Each structure stands twice: as C-alpha cells, then as structure tokens.
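We just call them A, B, C and D in the order they show up, numbering each chain from 1.
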Amino acid sequence: MFGLDSKDTKLLIVVALLVILAPFILNPFPTDSALAQFNAGYPDLMQRFVIFGIFAIGFNILFGLTGYLSFGHAAFLGVGSYAAVWMFKLLSYNVIPAIALSVIVAALFSVLIGYISLRRSGIYFSILTLAFAQMSFALAYSVLSNPKFNLTNGETGLQVYPGDPQVLHHEGLPDVPHLFGIAMRDNFWEPVFGGWSFTFNNGYYLCAVLLIAVFYLSIRIFRSPFGMMLRAVKSNQQRMNYTGLNARPYTLAAFVISGMYAGLAGGLLAAMDPLAGAERMQWTASGEVVLMTILGGAGTLIGPVLGAGFIKYFENIFSKINDNVLHQWFSFMPDGMEDFMVFVLHPFIGKGWHLTLGLLFMLVVIFLPGGLVEGGQRIAALFRGGRKKRGGAEDGEHHPKPSPHVAE
Amino acid sequence: MGILEVKNVNKRFGGLQALGNVNLSVQENTVHAIIGPNGAGKSTLLNCLVGKLIPDTGSVMFDGQSVLGRHPYEINQMGISRVFQTPEIFGDLTVMENMMIPCFAKRDGAFEMNALSAVGRQKDIIERAEHVLEDMKMLDKRNMHSASLSRGDKRRLEIAMCLSQEPRLLLLDEPTAGMARADTNNTIDLLKQIKEERDITIAIIEHDMHVVFSLAERITVLAQGTPLVEDTPDKIKGHPKVREAYLGESA
Amino acid sequence: MDAFLLQILNGLDKGSAYALIALGLTLIFGTLGVVNFAHGALFMIGAFCAVTVQRILSLSYLTEDPTQKDFLGRPLQVATPYVESWFGTDIGSAIISWSVPLAILFTIPIMLAFGYAMERGLIKYFYKRPHADQILVTFGLAIVLQEIIKLFFGANPIQTPEPDALRGSLDIGILLGLDANAIIYPIWRLVYFFFSVAIIGGIFAFLQFTTFGMVVRAGMADRETVGLLGINIDRRFTIMFGIAAAVAGLAGVMYAPINSPNYHMGMDFLVLSFVVVVVGGMGSLPGAVLAGFLLGILESFASTTWATTTIPGINQIVIYLVAIIILLTRPRGLMGRKGVMED
Amino acid sequence: MSKSNFTRRGVLRTGAVAGAGVALPTIFTSRASAFTNEPTGSTVKVGFNVPQTGPYADEGMDELRAQELAVQHINGEGDGGMLNTFSSKALDGTGILGKKLEFVTGDTQTKSDAARASAKSMIEKDGVLMINGGSSSGVAVAVQGLCQEAGIVFMAGLTHSNDTTGKDRKANGFRHFFNAYMSAAALAPVLAKAYGKDRRAYHLTADYTWGWTQQESVQAATEAMGWETVNNVLTPLASTDFSSYIAPVLNSGADVLVLNHYGGNMVNSLTQAVQFGLRDKQVNGKNFEIVVPLYSELMAEGAGESVRGVYGSMNWNWQLTDAGTQALVKSFGEKYGRPPSGSAQTCYVQTLLYADAVARAGSFNPCAVVEALEGFEFDGMGNGPTLYRAEDHQCFKDVLVMKGKETPTNQFDLLELVEITPRNQVEYPPNHPMFGGDEASLGSCNDGA
C-alpha cells in the first residue's frame, strides 16, 4: 500500500495508530491516582513528542544514513520558528503560511550552511556545523535583537505584539495561531471515563498528521535509490567516487532535507506556542537531537521518534518529580527505609534529571549502539527462543554494527 | 590511436620525480599490463589516470577526451572503472545492494534525486545486477552482508560491480596482491573469462609475473618513473634491459 | 600603541588557557586517535580540585561567641579553621590563602588517576568505534561529570581567590616608560601565563628528551610499526591519557581565581578548545599551542570598542568565523601534518 | 483518511460503553468550566516554576524553599511566618477559601522555551491556577505571556528588566520585584553622595535585553545627578574572561565602572575587575570605584571578597529589622538553616499575596483575583507600605541600597544596608518612555472562558 512493501505498510499503520490514539495511550493512569504523575497525555507534551519526533526523523536522514554528525541542526529549527513567528506578526495567525515559510527559510539556510560544511567530513564537518550553530545563536540572542534592528527579540523571544501589522487578520478569527479559524490550543474533545480523563487537542492533531506524513516520506526515502546512495556515502565514499557517483550533492540533498524537517519542526513549535526563543538554537539543543537519534537507534526508521519521546518525557515528567512526591511513594515503608530510598533516588530525579539522562545515554552508546530499537529487538529475540537471525538484517534497516572491542 | 593515450606525463612530489616523461598507449580490446619494481611509479601513474592526482605536465586522453582535471566520478562516467588493491566495496550493504549502486550510476549519472521510488521497483537495475552476479557465480550470496564475504569473494564482487557498468576500460591495481595461489589462479581464470566474453579493454598493474604473463597481450615496463620498454609478453621475457631492471631482482 | 600591547597581553593570558586545554586534547587525539568531548569536564574538575583543597584547608571547628548574633538572633557560631589553631593564626591563614597553588600538588595525582581510570574503564573500548561514537560517549560522560559536580558543589560559582601575596596588579606601562595606568595587568594573570609556558615546555621536553616520550612520538607517527617492535605502546598511551587529563586539570586549578569555578564551565570551554585544536591542526602539539595563543589574542582584539563598533557583534562570532575560514581554506590547520584527517 | 474515521468511531463506541455509568463524553465542547482550571475538589493547585538546572539552579532552589514555606503557612502549618504581620487578614491558615493549597514544581532551565513548556504542563496536566517563580526577565516575560493566553495568574519571581511591567506588561501578570529603573533611581543619589557629582562612568553591559534596560536606566539616573557616561561596552553573555573589556577602562578617563551583569557574568567581571586593581587606582584625582546596580546574595557569595565596598541595590534583605522581615527570617532560617535570599522573599510574598487576593475576592476566577490585586495597598511583608499599581501591575515600595561589607563575620553577612530609598523617589508614571510609553497596555484580563 502507498508504494510501500507490506512490512513498511504495517510499520506506518502502527505508527499512525499510536500517534492518533496517543491521548489515550499516554494517559494510562486515573487522574486522581498517585501514578497520574507519569501521565503524559496533555496537549503540550504530546505536541512536543510529535514535533521533536519530526526533528529527529529529519536528523536521522542525515546522520543515520550518511553518518555525517551535525552539531548544528538546532539552528534550522530556530530559524524555522523565527520565520513562523514573523509570518504571525506580518500576515496573520493562520499557521499554513507560517509553516510553509519556516520550511522554505530553513531550506535556504541549510543549503547555505550545508554547501560550506559539506566540503569537509568527519569531525571537521561536526565542528563546522557547531561553529555555524553557535554563530547563529550568538547573533539571535544579542546581535540581531538590538533596538535598531530587532529581528529576534533576543532573550525574551520573538512574539506577536498588539501593534504588529497582521494584514490578513480580521474580526472573528481567534487571536492565537489557528488553522482557518480552528485555534491550535483549543481541545475538541475532553472525555472522562470513570477516573480517567483525556484531552484531544487541535494543535496536536495537526502535528500528528504532519508527523505521519513526514514519517511516510522518510520511509520512502529510506527505501529509495537515493536512500541507498546515502548509505553508500556512509559505507565507502572512495568506492562511491570511483563508481561514477558524486557524493556531495547526495549529502547536500540529505542535509537540506533534514534541515527542512528541522524547519518544519520549528514552524510547528511556533504554531503551537507563538514564541521563538534563541535558546532553541544553542549547540546543546543540537546535542539534544543527536541524543534522541542515538538513544532511539540511528539509521532505523522508528528509533528517532522513540528517542525524541523518551527525552521529552524525561525533561517534562522526570523533572517534576520532587522529594515530596518521593516521600508519598515510599510512605508505605518504615520511616528510616523511606528516608533512605528518598536519599538514594534524590540525585536522579527532579533537578537531577540531567544526570539520569547522561548516564542513560552513556549506557546506550556503550552497550546498545543500535539504541532502544536494538534493545527491543534483542528482547524480542530472547522471547522468540534465541533464533539466530539478528533483527537488523531482516527488515533491511541499517544499524551501525557494534564493532569488536579492542582485545586486551 | 589507442583508447587510452598518455603523453609526456611528469609528476614530482617535492624533490622526488615520481613520473618522468611517461608515454603509454593502450589499444582497444587488449589486456595491457604495466609492471615494474616497487617505487617505479605504477600507482602514481594509475592515480593520474583516474583523477586522484593531476600530472604536472603532459596529457592523458581517454577515447579522444582529456581526463585531466576531472573528478574520479566524472572519469568513471566516461567509461573507466577501477579495481583497488584491497577490495573497496560498500561493507555495510548487502551484495545485491553493492551491485545495484554501480547500475544506478550507469543509468542515472553522477547524481539523481530519485528519492521517492522504491528500490525494489527498479526492475531494470535489479535484472542487470542479478545478471552480472550470475555471470560471476555469486547469485547465491546476494543477500549476504558484503563485509562478511571472504577476501576472494570481495575481490570478485568488486570486479562484478565494475563490470556491471560495462566500462570501456577496466583498471586493475594488483588484483591478486596478498592472495593465496589458489585464489590467484581463480582470479586469473575469472579475468580470462571476462576477456573472452566481453568487448573490454583491461589495463592491469601487477607485481606477480605469473599473472602478467598469463593475461597480458602487451606489457609496459616502468622503472624509476619512466617506461623502459613496451612489447608483447614473449619479447619482454627476453629483454635484457627488463631483466636487468626488474626480473633479475625479483627472480 | 598601549591599547595594542594591552590586548596582546590579555590575549596571551586567554591564549595560555586555550593552549593548555587544546594541548591535552591534542595529546589524546594524537596518541589515541580519540575525540574527547569530556575534555572540558576535565578542566572543570581541575578547577574544582582547587575548590576542594580550599575547603579542606579551611575545615573549621565552631565556637560560640555570645557577643555576636547570627541571623536568627542566636549566639554566633564562629568558625576557626583547624590549620589556624594548629599553626597559629598567621601561618594558618597564609596556608589557606595559598590553597590554589597548593592544590596543584593535589590535582596532579588526582587527575592522573582520573585520566588513567577513564581510559581503562571507558575510552579503550572505543578505539575501534567510529569518531561519532567517541564524541557521543564522551559527550555523555561530560554531562554526567558536570551533574555530579553540581550535586556536591551546587550551581553557584565558588570564589577561589589567589594568594594574598600574588593579589593586585602591576603597572607594566611604567616599566615600559609609558604613562601610569596605561597598561596594568593582574599579577595572577602573569603567574598563569608563566605557569602555562612552564607546563607546555615541560610536556614538549618530556616528549622530546625522554625515552618514554620518544616511543610515544614514534607511536603517534606509526602505531603499528612501534607495536611490531615489541613495545607495549598501549600502556604508554594510557599514561599519556593520564598526563593529558593532568594538563587539563592544572589549567583548571590555576584558572580558578580568574574564573570562579562553576559546574558548567567545562562546556563553556569545550567548543572553544575544539576550535583551537582544529585551527592548530588535528594532532599537532605545536599547532595547538600556537593556535591557542593566536586565537586568544584575536579574541581580545575583536573585543575592543574599535572592533565592535566597526563590525557589531564581531566579538561574539570571531572565533567561529576563524574556524570556518581555516577549515575551508587549510583543513589541516596551521601546523597539521599533511594527510591527517584532511578531508 | 477512512481508516482514522473508522478508528474514531470505534473509540466512540467503546467510550460510550465505558462511560455508561458516568456522564457521556461531551464532544466538541472545549470548556465546561467558568474559567481555566476551575477547582472542583477540596484542594487547589499552584505551580512553582523555577530554574532547577543550569547556572541559576541554586537561586531556583532558594525560591522553591520559600514557596514551600508559603504553602505551609497558608495551610496553617508551621509558625505562620509573615501571615502574622501581613496587614490584610483575609487568610486564616486554613488554606484558601476552605481549600487546601497544593503545589507542583517545574524546571525553567532559565530558557524561555523550557520555562513555557514546564508552565504549560502545569496548566494543562496539573491544572494550576497560578504560576510563580523564575529568575530571569526573558523567562518572566515568556511565561507571563503564556499565562495571559491560558487565562491563569502569573506572579513573577526575580525579574528586573523594565520590560516585564513595561512594554511586555500583561493583565494577568504581576511583579513584586523591583526593576532596573527603580534600582537606578535609588542608587544614583547615594552614589552622588558617596562619590561626588563630578564622576565619569564606564559601563560594561551584558548583551541582552535585561542588560540594556539596566544600562539605559542607570545612565539616565546618574547623568541626572551630573555624572558623565564615557562609554558603554556590550559583553557577550557567554563571556567568562572579561579582561579585554576591563583593561581599557583605566585609560579611558573614567573613574567609575558600572557592571550591568548578573549571575556568573557578574561574579567573573567583578572578580576580574578587582584583580586588575581598579579599586586601588586613582583617576582624575579620585579613587576609582565599581558599582554593581543589581545585587543578590548568591552573587555576593560567588564573588566573595571582591564585593567589599561595592555599591548595589536590592529588593529586600534579611537584615531589615521590621516585624515582617523578622518573621520570615525566623521561619525560613529555622527550617532551612540559612536566611532567605531576596528572590526567595519575593516568591514567598507573591504566593501569600495571591492567596490573599483570592480570599478577598472570594473567588478563584483569575479576573476577580486581578481585580483584587490591582491598586492593593499592604504592609507587613518586609518592604514597608507597598502598592500594587493598577496601571502596570508593578509593586512600588522602598528600595535598598547595599554595600559589600568590609569585614564579614559569617557567610551570610556579605552585604550591609546603606540606605533605604523611600518609595516616592523611585516612582515613575506608567507611560514612562522606558516602560513602553503610551503604547504599552495591559490588555484585558483573561480567565480562559
């Protein structure tokens, strides 16, 4: 179906179902129970799951397929957001022109940066992209926000002010980002079943539709001759060159496609919440999408989406667990025991979520180079009674193979 | 006029004269070997032919067109395929994928943004790749990870990849280097078979005299960056200068 | 003219910090071929060694002083450092005041051991993995290290002053016959400069004149051949990793009075130090040092009012601009060997 | 998309079965309640959104402590703190309007994006009615805008930029903390008195919005006293070494250095300026002086000995001797073993003020709360008689001028109080040009209905 083989069609349908039913799936615990802490089914986080999923899918087209490790992709997300907010300021709150422009601007920006950065490979490429991203951040944070020429509104973030032109805005349209009158932040259905409550949000479903579309697109790219060429770039550029293939336009195309995915993600971020902060361009933000992709499984189709979900879950749910919550959990224990458990867990929760994330990330890089997807496959293989066939080969996906460690 | 004409090529690295006034003419549909002791400039010459190095002076014409200043991929698109000393294949990809890539390069050129059609639907490419694999008796290994092939099979795959492009000139850089005798003989047989079945010109750089004399129709002897003689294998065998410069030492 | 000299001086100082960090980074890359994103964290840990030593030396016992009140109106608990009660107030406070230089003695073994453990425990499993994996695992390690430091020391910068005797500034202008106040320069920064020159000199001498160093240099040039000679090059490389960590740590210790240590200072320096290494040439020790000083000076000049009014924001981006230009025009850097990661 | 239609129908059917005993799901109605997150149970939730990671994590921690304390006092636990001294007696220690106050916490990371994400999760998931906290102006403006859109009340924590209640003011947002203009207005006369009216100032300014507004304010206020401004140099936020900015100062003819820096920037620039020996020098026949317009306890701690003799301003300090301050210092100090910082006091007071406004309004509706807070005059909260001005939701109260103490006796005793500048000296009209002029408007209150 849709030009995919049956396996990929199944994957697409599973992903689509998960995304569409996410408001149910992510709220498994009754609202009043202690475990409601772990519910993630509220609009903002669901939007973030999907938006950063898009970002990571795009990044994976570059990194997962060609092996070019960019530390500057957050810059494209940032310019995408700025472009979208500028459309809100100048035209209207309709998200269509905003998202369109954010993709276009990100594409132009990535052509420019990609054309220059791709003249080098390996760590040099990484450092070039890093340098570009840091420059963009510095420019956005202060230089381009001076009162005389305020393109980014600096520290505060670019936002819509009442005095902005908004030439296409008229009475009757909501004063928030909307799709032809449907406000992004409104919920269209808030059912309550027994103790459970769920939220169905307009903006989330716009993001969800786009995620499914770009996920489909990325399957097509992975399975296309173009995708094969990108894997060839990663595998052996010398052979590629002597086979009559020019690697640079291939990598540039991959770079620009992934830049456009980032721009789309940036545009959507602004469409869900019309404020664009400069921090989303910082190199650590680029590092975050690297973490997502690796954590989920670079080069796999579904991995980056999982990784994005994982990290955003950590950032938003784990960081909100504080000692009070811990005390509630362990209140069934004797006092000394309770205090001890809280003491042990304290460094890893709440303000310590960075530490947990860092440890987890190291563990994945060391033991699971294929990320969570590889972990899942290993577990699945265990259940299947240890059939010899390794997961990677059967779906034709492309995992970085763990190389043997240096012998002692 | 040969299909490949090298005229007055010079190349210096710092103080070292790597190639001095090299002239070479490879005739169409022949097997032409270039031999010489270590440091004779064989690899430098080869790199000048494929665009990795640019000679200081002189010209390299392929089928009437200069290759100088062109990128390796452009030269390949002109019809020159190269086999490396240690097999260069796409190790992360399967044998079949390895075969399809050169077929795409042949069909679509150096760059083609073919991002939406499934690889599985490229019937002509698959057919062509399978055909060559069958010729090379590797069809049973089509789904193997190419990194897990034996060394001999890797060499065979690399040659198959080159052949699938139907090159007019096939350049082989010491194709049997580091091989066991049996593998070497297999390779010789393979190259003989290729020669018989196809209209193809082969230029081969080789150390191993056994290989050279089993395959070559013409031989150029290189010493210290300059061609000493060029002749048929029989004549070369008896040539005193060659004996002195090369065979004597290696015997 | 004085403004010119002044910025050169400032640049030398900034540059000596860059050079020290980049030197360690290059040692690791040159010997082990590992791209270490945790190197900034090593610098940060060095700085926190200074904090730790300062804390240890000022360990105190409390006595109640009924004449003074604390913020709750209770009698004030006066803290008297043990060293002051052991050696008398004068010597005791002098010891505490010298805690940063004293921390050097503490830092060297700690960082050597730390580097050794890091190489044996983690890095050695990554020699054969792609550079991307090395970057990622060391990046993860950097996050973990800085979060652990934050856990113990908090997020606020911690004041670690230089010794009283080395406080204050020199009027270099007067020494050069210029006006008073034309060129003033903090004494500690001069100390830092000479300290780094000494360390850099020490490392070069060590590599140049000891057998150990010769083997390591040979190994950097051609690891396999040296290995074939029956020399255990891996063990030496492990020690070099320890030394590189110690260099980064020492750079951090002595920098603590200039830049009050905080847990994220490593990340602040990391990007910069990679730029320095790239500009100097991957794997070239003299290149790293040269580029460190050059970039330090360049950054200082870009910060002058003249530069920032000519090109607004140039001080924010000059380092990155230089990196981009060098990478595009001379990818092997100022002094890199031809062919080392030149693509 | 026939597939998803099918799916939704399936869901509806199961939904109807599952919900048979309960109310049927209301489809396509977004809001059943009168205003955002209207509390229905016996508890009511507020959100404390403070930096828990990043450079301001310690400050965030202190804010969090104060907020927890405020919640305890409102719920009648502990000694009641400032509730005993607060001039309004609407709160009786049984929660708010009979509902127990609960709180959730979040991490702003001192990034506007992350702060908004965390605030959104509090609003959407936890159902909070008010968000309080933060330690930078960028975050405050970003979260204030969000609360305005969502229809809940925002009580800003530490935010010092003029914009928060200037051009970015919002009807649902309130600032207890003082601002750059007030700092400058309070400092300038003290500086003129201490250093003379014939001074030449050199500004180093952090290159972002807050830095600019503070620089603008200080320059205007000092020039009004007769000072001259020699130069203003913008320094990148990421700077750690300020030597190239400090070195030219002595040679510029300036005799005062104003450091418009905060946090790590301030700790480093001040330490390095002192290392350069600026404070030992004589220029124009006068002692060279350094001024840090905005002080905080944590910064003073980080800069250590360098703060000695350096002037700055604060919103509040634990050394004040009024009853309110003493009550807070006592309950905070006994619980956490240290005096509260200025931003902690702001967060504590803001939480009480919100609860009090709800109690006085008799409703949790944000618009009723806004109305109760607008023009509210109160006392007993440590800052003397205070007014929440209706026009821009800025608190007006006395401003403290502080100086680094020469001989501190303990780690909390780094700053000394020089002068309490009375409220009328730091007041300004709501349409002051530095605060957005006539264009700035609060907009109308949003309750989310």
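Please note the rule applied: contacts are C-beta pairs under 8 Å (C-beta built on N, C-alpha and C of every residue); 3 or more make two chains touch, one makes a residue touch a chain.
On a predicted model such as this, the values are computed, not experimentally measured, just so you know.
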item	value
Chains contacting each of chain A and chain B, listed by label	none
Centroid-based (C-alpha) most distant chain relative to chain B	D
Distance-to-centre winner among chains (Cα means, whole assembly as reference)	A
Contact-richer chain pair [A-D vs A-C]	A-D
Mean-CA-position distance for chain D and chain A (Å)	32
Centroid spacing, where centroids are CA-atom means, of chain B and chain C in whole angstrom	52
Rounded Å distance between chain C and chain D, as computed from the means of their C-alpha atoms	35
Of all residues in chain B, the ones touching two or more other chains	none
Chain D: positions in contact with at least two other chains	53, 57, 207, 234, 236, 238
Junction residues of chain C, two or more chains touched	316
Listing of all chain pairs that touch each other, if any do	A-B, A-C, A-D, C-D
Touching residues (chain side chain A, partner chain D) in the complex	13, 16-17, 20-21, 24, 39, 42-45, 48, 138, 141-143, 145, 147, 153-157, 159, 161-163, 176, 185-194, 199, 269, 273, 275, 277, 279-280, 315-316, 319-320, 322, 350-351, 353-354
Contact set on chain A toward chain B in their complex	3-5, 220-221, 223-229, 231-232, 234-236, 238-246, 249-250, 253, 257, 393, 398, 401
Of chain D, residues touching chain A in the complex	3-4, 7, 11, 15, 18-19, 21-23, 25-30, 32, 52-53, 57, 60-61, 104-107, 111-114, 116-118, 120-121, 124-125, 136-138, 141-142, 145-146, 149-150, 163, 167-168, 207-210, 212, 234, 236-238, 439, 441, 443
Partner chain D, residues of chain C touching it in the complex	2-3, 6-7, 9-11, 13-14, 17, 68, 70-72, 76-79, 150, 154-159, 161-162, 167-169, 181-186, 188-189, 257-260, 262, 264-265, 268-269, 299-301, 303-305, 308, 315-316
Complex contacts: residues of chain B adjacent to chain A	50, 71-74, 76-77, 81-82, 84, 88-93, 97, 100-102, 104-106, 108-120, 122, 125, 145, 161, 165
